[in-house]
């Protein structure tokens, strides 16, 4: 599993190009095909600074500040109040004593819940040395946010996949991050669970427009709902843009065997049957209206 | 190898506070050689049902007959040759990559055949065949399964069952967690095997898969068989009753019909079919 | 692999459930020590055991533990006790104060053997009951908190007690998950023809390997993921952490502690002073004060 140390990862984010912009909500990164054996590790190398990364300087632009993470120890001395930086191979833990406002990622289903419900949410708060009196309020608040307030005392095993993820989200939100990363948070859920999480994410974004969500996924339907889509393939950024722009590149997407959201696939199929769909039709509803005029 | 369920019921943890009736009086006959999709919400009894097919579970009442093997509730009625049954009924669980354990890929795939009595060389041969079928070439044979990617691991796990050459192949959510390309490859694999004569039973939540690949659909609800029909016949049914997602093409087609468009829904299995149907309805106007 | 009932926490709301786990642990240990105290005569043993039985079973009743769980736990004792009994019968005795029970082919079998075995049975039974009371009325998490509290002094000599406590908490939390894993892997391997029940030693060994290896692998992967998640949420073992759940020591707890201490003191006193006395008050037995 240490293959990530082999230098196949060569992310071509040029210095100027910013991957994330402030107030961009829900950019989505679908997966293409990969060279490195561990696809997800590749993406992690890109956005999870605390993963073991031995590749050359990795630039992650966050809120306009550049956080350079690399194997050179000096560079990690930068104060990073928003991201904890950890690198192996010769570098050190950041000597940051300020409580971490982390770029929180949470990973695939199941692994994340720690002890009982309340303990999970409390975990992050405990790490941040929040006073215990305040914790109760915070926990209840976020439990309500994700709709799990009735489950505060249940054991994790009794929850469904979707419910577990909701708890994990609450735990992460309690840390009040500015950026939340979903690492294939829905790939192991059934359709109901997937919808659960998506609905929740939308709700959260509506309530907190400043929240940026970066979702690593290969669910193209989910990607279709994003503000911005980045397509990675073999360590290179292949496409970037709004869902409509990105998915119109049917050929490239088929080449890397990435699916297309239903809507786009239908539009393309109609085109093949000789029915041209005008550009201003941008979702299913409008397509239906257009076809039935 | 036909399959027959006769009045099968299954209760988990009987006589305890955790008692739960997962299957209620199931009667089902499955012919040989079909491609059947088994769907239903979580908890409807799908996994319990398939566990009866290779005798991981014995019914609490009733019996399941798979070809000549009897899986009955009473011990004395049960057939003895469990190994033969499991050789004929291959079961690929969800996230099968978790079952890998051998030092090399080929050894892991050969594990199954060896358990069923094959000699080492023959088992390895079958293993190589199976690996090629799933798309892993010789370069993979001597590698450790643990250095492979998730998708490759899954292929190895599936090969492990294919090497046994079962007559019935049951797959539980084979595409869960896979990217679209890998999912397509996997389903294509099952299609190929089906064409070679194996009965395939696909347990899934993904109704789009059902539409695309299955010849027949069985819908489970609350421990009973609620519905049994061809995929295209699902169009007229209210799937939300069973907590099933309506396939995209159906949802769209239904909306169009709601707007007054007359659509031929007989053969709606893919986006292309839908586009053709829409075009067809234009020509009729 | 059905429910993990042995020692499981059962969420009732008895006074025992509500008590501070630290008090309960103290009481448990102290009472266990008491139960194992030696006494000078069989009559004393009988009396003290009787007292212990009554008190401990009273507590058991208060905890509303199911008798079923109790019997399951005690079932395994029988074989051991019978085994011990046989040993006691067979080994030569030099202090047979209770006399002969009966003889087999002129080989005397003393009541003492039964008494010895009985005493062991009693002690084990009480010990198990005490442990069950603790685990049935205390959430595993609370137990860990209590242990952590007790380990605080160890911090002064550099022992990383909070890290140990976190480790224990995590381990506890993942036991059900790992059990699920075991179940799943067994089913998968059984479907590949593995027979976990029958077969020669060699086959059984391979069967176990096919279970253990995947289990270890998935556990390692899971712990890796978990470590990332913890780190991501700001966990640093070196830094101070606040505590969400606070343990409150109340009058009830003090009462329990004193009760247990009293109980233990009585037993220790009786044992150490070779007390035989209060039997004379009741005129039982052959020994005088």
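Just so it is clear, A, B and C label the chains in written order, and each chain counts residues from 1 on its own.
By definition in this document, contacts are C-beta pairs under 8 Å (C-beta built on N, C-alpha and C of every residue); 3 or more make two chains touch, one makes a residue touch a chain.
Every value quoted in this text rests on a predicted model; they were computed, and no experiment measured them.
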item: Chain A to chain B, fewest steps along touching chains; value: 1
item: Most distant chain from chain A by Cα centroid; value: C
item: Interchain centroid distance [CA atoms averaged], chain A/chain B, Å; value: 31
item: Chain A and chain C, separation of their C-alpha mean positions in angstrom; value: 46
item: CA centroid of chain B to CA centroid of chain C, Å; value: 46
item: Multi-partner residues of chain A (at least 2 other chains); value: 108
item: Contacts with 2+ other chains: residues of chain B; value: 146
item: Chain B to chain A touching residues, read off their complex; value: 41-42, 95, 146-150, 152, 176-177, 179-181, 184, 205-206, 243, 245, 248-249, 252, 255-256, 259-261, 271-272, 274-276, 278-279, 282
item: Parts of chain A lying in touch with chain B, wherever the complex brings them together; value: 1, 3, 31, 33-34, 37-40, 108, 160, 184, 187-188, 190-192, 218, 220, 256-259, 262, 265-266, 269-270, 272-275, 284, 288-289, 291-292
item: Complex contact set, residues of chain B against chain C; value: 13, 16, 18, 51, 54, 56, 82-83, 86-87, 90-91, 93, 96, 98-101, 111-112, 115-116, 146, 160-161, 164
item: Residues of chain C defined as touching chain B within the complex; value: 2-3, 181, 184-185, 187-195, 209-210, 213-214, 217-218
